[in-house]
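Listed next: structures, encoded as structure tokens.
Shared between the two complexes below is chain A, which has chain B as its partner in the first and chain C in the second.
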Partner chain A sequence: MDKEDKTRILILDDEPIVCKRLKPAFEKAGYEVETFTDSTRALERTREQDFDVVITDLKMEKIDGMQFLTEVKNQSPSTEVIVITGFATMETAKESLQKGVFDFVAKPFKIHEIVDVVRRAEAKRRAGS
Partner chain B sequence: MRILFAADQHPYSAHALQVLAKLAENTWADLTFLGVLDKSMEQAAAPGTVPAHTHPTLEALARYRDAFLTHWPEGNSPYAPTRQQHEWIRLRQGLWEHLQVARGAMKELKIRVRFGPTASEILAAAEEDACSLIVMGCTPGEQCLWQDDPQVPQKVVDGAEVSVLLVKEAVPIRKLFLCLDESDITQDALEMMNQMASITGAELEVVGLTKAGGIKREVFPWLNAVYDYYKGKGVPANIRFSETDDFQQFISSQVTEGLLALWLGKKSPLSRLFKKKTDSIGHFVSTCRTSVMVLR
Partner chain C sequence: MKALGARIRQVLNRWTRRRSPLPLPQVLEYFRSILARNNEILELMAEMGDKLSGEYVFDSQYIRSSCEKLIDLCFHMIHDLNTLGHQKYMDLYDCLERNKATIKEILAGRPALQEIPYTILYEHCNRDWREEVGGKNANLTEVRNVLELPTPDGFAITIRAYHELLDAAGINDLIARLDETGPREGKDLEQALRDVQEKILNLHIPDAIASEIQHRIETVARRTGGGEEIFFAVRSSAPGEDTEHSFAGLHRSFLNVGEGKLVQAYRKVLASTFSPEAWRYRRDKGFRSHERAMAVGCQVMVDAVVSGVLYTLDPVEPRSEMITVAATWGFGPPVVEGSRRVDRFQVSRDPPHPLLQMHVVHKQEALVMKPGGGMQWVEVPEPEQTKACLNSSQLSLLASTGLLLERYFKRPQDVEWAFDTSGRLVILQARPLRVKPFTDTDTCRLADLAADTPVVWSGRGDVVQRGIAAGRVFVVEGDEDLQRVPPGAILVARESSPRLAQVIRQVQGIITDVGSPMGHMATVAREFRVPTVVNTRTATRDLRTGDEITLDANENVIYRGRIQDLCYYELAQGEVFEESYEYRLLQRLLRHITPLNLVDPQSPQFSPQGCRTLHDITRFVHERAVAELANINLAGPHLAGSKPKRLQASIPLDLRVIDAEGGTQADPHERTLQLQDIVSVPMRAFLSGLVGSNLWERTPVGMDFGAFMSSMSRTFDTHRASLQEVGLNLAVVSSNYMNVNLRIGYHFNIIDAYVTDRIDDNYIYFRFLGGVTDSTRRARRARFIAEMLARWGFRVEIHGDLVVGRMKKRARATMEEKLRLVGALVAYTRQLDVQLVSDQEVIRHLDRFTRLLESPSEGPEDSRPKGGSHG
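Right after this comes the complex of A and B.
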């Protein structure tokens, strides 16, 4: 598949181990992946380039995940955002959905589970285009 | 997160459902409610029917589903289906039926029954569904059993590749005791405890298991790493120590309220310690009067 045709995913999590685990799994599944542990840098990158799917943690230093995903949806409403969090609460789940995220996934999760969520997000994008 | 709720028709399963509901409220995990029946019940089944549909376990599963779904405030449940549609469903090889099904829920709630040895079927379901956690109830007090097949909780704990939450009583969790030995703790286990601390608002005590009054060189870096992990996440944690040989006493005297979380990796010395006991891990789980989470 050409690089142009690949679904582009941005992953933001302040824990390097999460990025390290997800990047190769998504690349193996045929996606183009960029990972960030710093939310400010990730936000700068989304201003340079639209991503098809953004996977973001919520609780982070500097710009938190809720602020980040709000900015991403404002810049690119068609980007599907998936929240992953180690601090899941009903309030954050509801707030995320109100902000238009595609799914809310509590940690821990299996790779297969998050890949499935991204595939459903892709299908939604295809259906909408 | 995907959670497997392994249940039967006895009161401890209903208690476990309350704990599961609280977890689901916060995590919005995909859920499977699983009952297991004897293999012999399946053989006489007519195509397209669930055999022994009046079996108490199946009736209980339906009750648990209804209780779970009605427990959510109107319009707040990610498990509520939003549309009905007809789909071709395979009843058996060579036979399909166009059935009306409910779809559109944001999160999955599957109610399933399997036939075979109970513990093996629970373990197989957890693996096939790629679950991160198995939740199950067990008898309270100084035992941790299933009424119809007493060894089920122990067999599940011994065989599970993922974390298992054994709910002895549906009581508020005010303290989490995370007990660590010298083996590497997994990221999944750290994240699971993080969620538990966040959901319950309970204090976290990291307990380092020591041998002969000292702390092994291998344990110290792990304790530090775990402490730093939670500190970095803003989860207040205290560190304390317990002698491995006195661990049983520690459980019965100190873990009187809250959740006992045992890290039991494959190479865990703690795991080996349990193996020496005639009753394996069940011995320690029984000693604890509160709920136990076995972390993997």
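Right after this comes the complex of A and C.
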């Protein structure tokens, strides 16, 4: 598999543990992964480069997840956004579906659950292109 | 804290004085809400425990909110119990406040210092103590107590001693100021640190700490010194050291320290926390100021003939499949410090670990112990100077031990070791070895490799322990095969028998056709962290002895062929999940939340003061809520019919029944009820199974000796205590509802059901927890119950020995039938765990129970376990 063919994923969560756990799982599944714990820097990165899939938390310091995903969708409408969020913010997560979010996953989740969601997002992209 | 409890008590006391007896519907409402919260707490605790398995991604927000929720639920339970029990249990508020304060401290990252001892003997220590005794002590005691490898005897001086000493001398304040406003670099910083070190070297050690250290020295001396003075290695062991941060060489250690000089050596090790190098290292690694602490290991000196260091992987070329060993005569510092030339060996990672390369140097001098304390250089006898200091069998033993440590700690290892005068290999230190991380290209290639490798199967069975193994299959068919398991094999067996546990240290992985993630073997596999998948159904059919496979128990895939890179990828990851801050945080919290200390309601400890954990509080409240209700004396003639009445049945079950509304048709003045008086739809159905199936009498209750011993003290008490105190079994019924609380033997059963002609309202909730005998047997009974419930169409959750079964929205006739079955199940399993001496017994009892249900004529003579006596 060439690097160029790989699906590019950006993961943003202000808790490092989430990034640390997800990165190797997605890499082994053949994805190219960049992780961020700082939403401002993640946003800067999405301005430099479009990602196929963005996985983001909702509740964060600085720019919050909703604002972040809105900007990502504006810049690159074809990017599929997946929201990962704690139980407390589930209502907000449901609202985010109206902003064109592909799906949301409640934390804590099993690794294969989120990998499955990403696979579905990929399938949707392929069907759309 | 105390103040809040007192205030609540005051307010409630005022209220109590004015109270009038609660009307029955309200009493029942409080009771039901206690039960509902009790369930919620138990399930939440079980879910939190599940998060430690590694299957879930969770964050600290989850941990915080779960703790808040638990505390909130406990608070409301306590409140409701006090309402039911006329404010008799106000002390529970204080107990909850104490728990809450501890949890808050832990969440804030501050260890609850007052609960830590100043010192701890190595045999009582393990990695759960890593915050208190530091990484080096924690790793070494894990090697000693779990892997049972030879290590030096000794004890740890904890960070509590550090904090109290430095606090008392005002040094902690000094350091805090230095942290915040002190010089960042240069001579001023170094001078400030020298002042701190000076103060530590002159510290007065208070009697409480000094006498405890002295006591430990004496304990260790008694068993090793044989009356003579013993000498210690006094080693630094900082929290975080030897885990993801090596601190290599930054702190000081002292060898061959006499008993009388140990305390001064201790001060010197503490002072080394503030060397300029250690200070900068912590600052650069982002350590927070409250994380700075030092524990110390005091280890009896090993009489080393040859010592050295072992790397289980080549840090630069991890794929070279080599173990590197550096060694010299005498003690190891020259190897670690690189101050002299030493012998180097490279051996294969594959058993039997043949020697691949050897570089023997001229070793003129060796570092040895000086009589009376300290170390000295002596000349090595001529013939030894040019001889290799290790032979091939020693190298092979080192290699296999190194790999055992690597498999267990899940990271490549950097091991310090020595062979002593008796030829024994002693492990002195084990820490993770940083190896070159995978590049993008490597990862890319790995993904391709995995994609191109044939998959035997994927996602089949239950993962018991995560991890990766690549090697050759060895199929175990009979016990005699266990003697022939080659080291490093991946074991394949039909059943997850406890017998496999005896070879668990030497295998890389385990796959079975059938088996339970909660059985004994699974427990041992987790203990030794051997990647294990059970219940794959076809392992012995699809895999043959000698097949090369890769078991990826992280993703639950089995590949045909070796993907060595998958192992290296795993080994090269920065942090083991079990080492992450969140994992450790959750684990620490659960230690204060889930242990159940209140098991025996007859014991004097069964009191609010005896509640140490949130689980204890929950248990106490539940027990007392049932007791309050069972003994309730409702005032007023119009309520006479609602008085608890004893059910008269053919089985020895002391069950009180409270009729909330239309559940019975007995004379209001009667104190007992007959079976035919019950008109409650669900209760009738349940009792028809519990009593009418005749399974109670035919329950196998024969105890084998082991079970007998483990339950003896309690059964004795049960016989002695009056029935009223022990068997608090209570049912609340109405025409279409029942809530049954059973404590038969020492397990708890709740069945809550609502059955009408309106399908949508119908439900059954079944919960089972605990029991007498050891946890493996309890888990077997839990499995038995779970299996039956699942066969009957219940949605079943199982965590340890907690089983929850739910069924909803089925027709009335179906619900009645299920309740009958549940009744029969309760009768049959009331003492079953004492019978479940093996996993086979579970299967046998499943068959027998099913048969008895179908043909109720089978007699009790079949009830003895097969296979003779056990004990």
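Keep in mind that, in the parts below, the second predicted complex is superposed on the first by the 125 of 129 C-alpha atoms of A that agree within 3 Å, B and C clash if a C-alpha of one lies under 4 Å from a C-alpha of the other, contacts with A are read in each partner's own complex, and residues count from 1 in each chain.
Here is the rule we use: a residue touches a chain if its C-beta (ideal position, glycine included) is under 8 Å from a C-beta of that chain, and two chains touch if they have at least 3 such contacts.
As the structure is a prediction and not an experimental result, all values here were calculated from the model.
A.B. asks: Based on the superposition on chain A, does the combination of chain B and chain C result in a clash or a fit?
C.D. replies: Taken together on chain A, chain C would clash with chain B, as the superposition shows.
A.B. asks: Have a look at where A:R47 lands relative to chain B and chain C in the superposition and call it first, second, both or neither.
C.D. replies: Touch status of A:R47: no partner.
A.B. asks: Touch check for A:L22: first (chain B), second (chain C), both, or neither?
C.D. replies: In the superposition, A:L22 contacts chain C only.
A.B. asks: First (chain B), second (chain C), both or neither: which does A:G86 touch?
C.D. replies: Both partners, chain B and chain C.
A.B. asks: When the two structures are overlaid on chain A, which partner does A:G30 contact: first (chain B), second (chain C), both, or neither?
C.D. replies: Only chain C is touched by A:G30; chain B is not.
A.B. asks: Output check: A:K107 vs chain B and chain C. Expected answer is one of first, second, both, neither. What do you get?
C.D. replies: both
A.B. asks: Compare chain B and chain C by how many residues of chain A each one touches, and report the one with more.
C.D. replies: C
A.B. asks: For A:K124, using the defined touch cut-off, is the partner it touches chain B, chain C, both, or neither? Pick first, second, both or neither.
C.D. replies: neither
A.B. asks: Once the structures are superposed on A, label A:K94 by its partner contacts, choosing first (chain B), second (chain C), both or neither.
C.D. replies: It touches chain B, and chain C stays clear.
A.B. asks: Examine A:K6 and indicate which partner it touches, taking first as chain B and second as chain C; both and neither are also allowed.
C.D. replies: It touches chain C, and chain B stays clear.
A.B. asks: Check each of 7-15, 97-105 or 187-195 in chain C against chain B and return the one that clashes.
C.D. replies: Answer for the clashing stretch of chain C: 97-105.
A.B. asks: What is the shared patch of chain A, the residues that chain B and chain C both contact?
C.D. replies: Looking at chain A, the two contact sets intersect at 17-18, 21, 59, 86-88, 107-110, 112.
A.B. asks: In the complex formed with chain A, which residues of chain B make contact?
C.D. replies: It comes out as residues 1-2, 25-30, 76, 78, 106, 130-132, 187-188, 191-192, 194-195, 198-199, 233-234.
A.B. asks: Name, in rising order, each residue of chain A that touches chain B in their complex.
C.D. replies: 17-18, 21, 59, 86-90, 93-94, 97, 103-110, 112-113
A.B. asks: Spell out the residues on chain C that touch chain A in their complex, using ranges where they run on.
C.D. replies: So the residues of chain C in touch with chain A come to 51, 55-62, 65, 440-441, 443-444, 446-448, 450-451, 554-555, 566, 569, 573-575, 577, 580-582.
A.B. asks: Which bits of chain A are touching chain C when the two form their complex?
C.D. replies: 1-3, 6, 13, 15, 17-18, 20-22, 24-25, 27-30, 32, 59, 86-88, 107-112, 114
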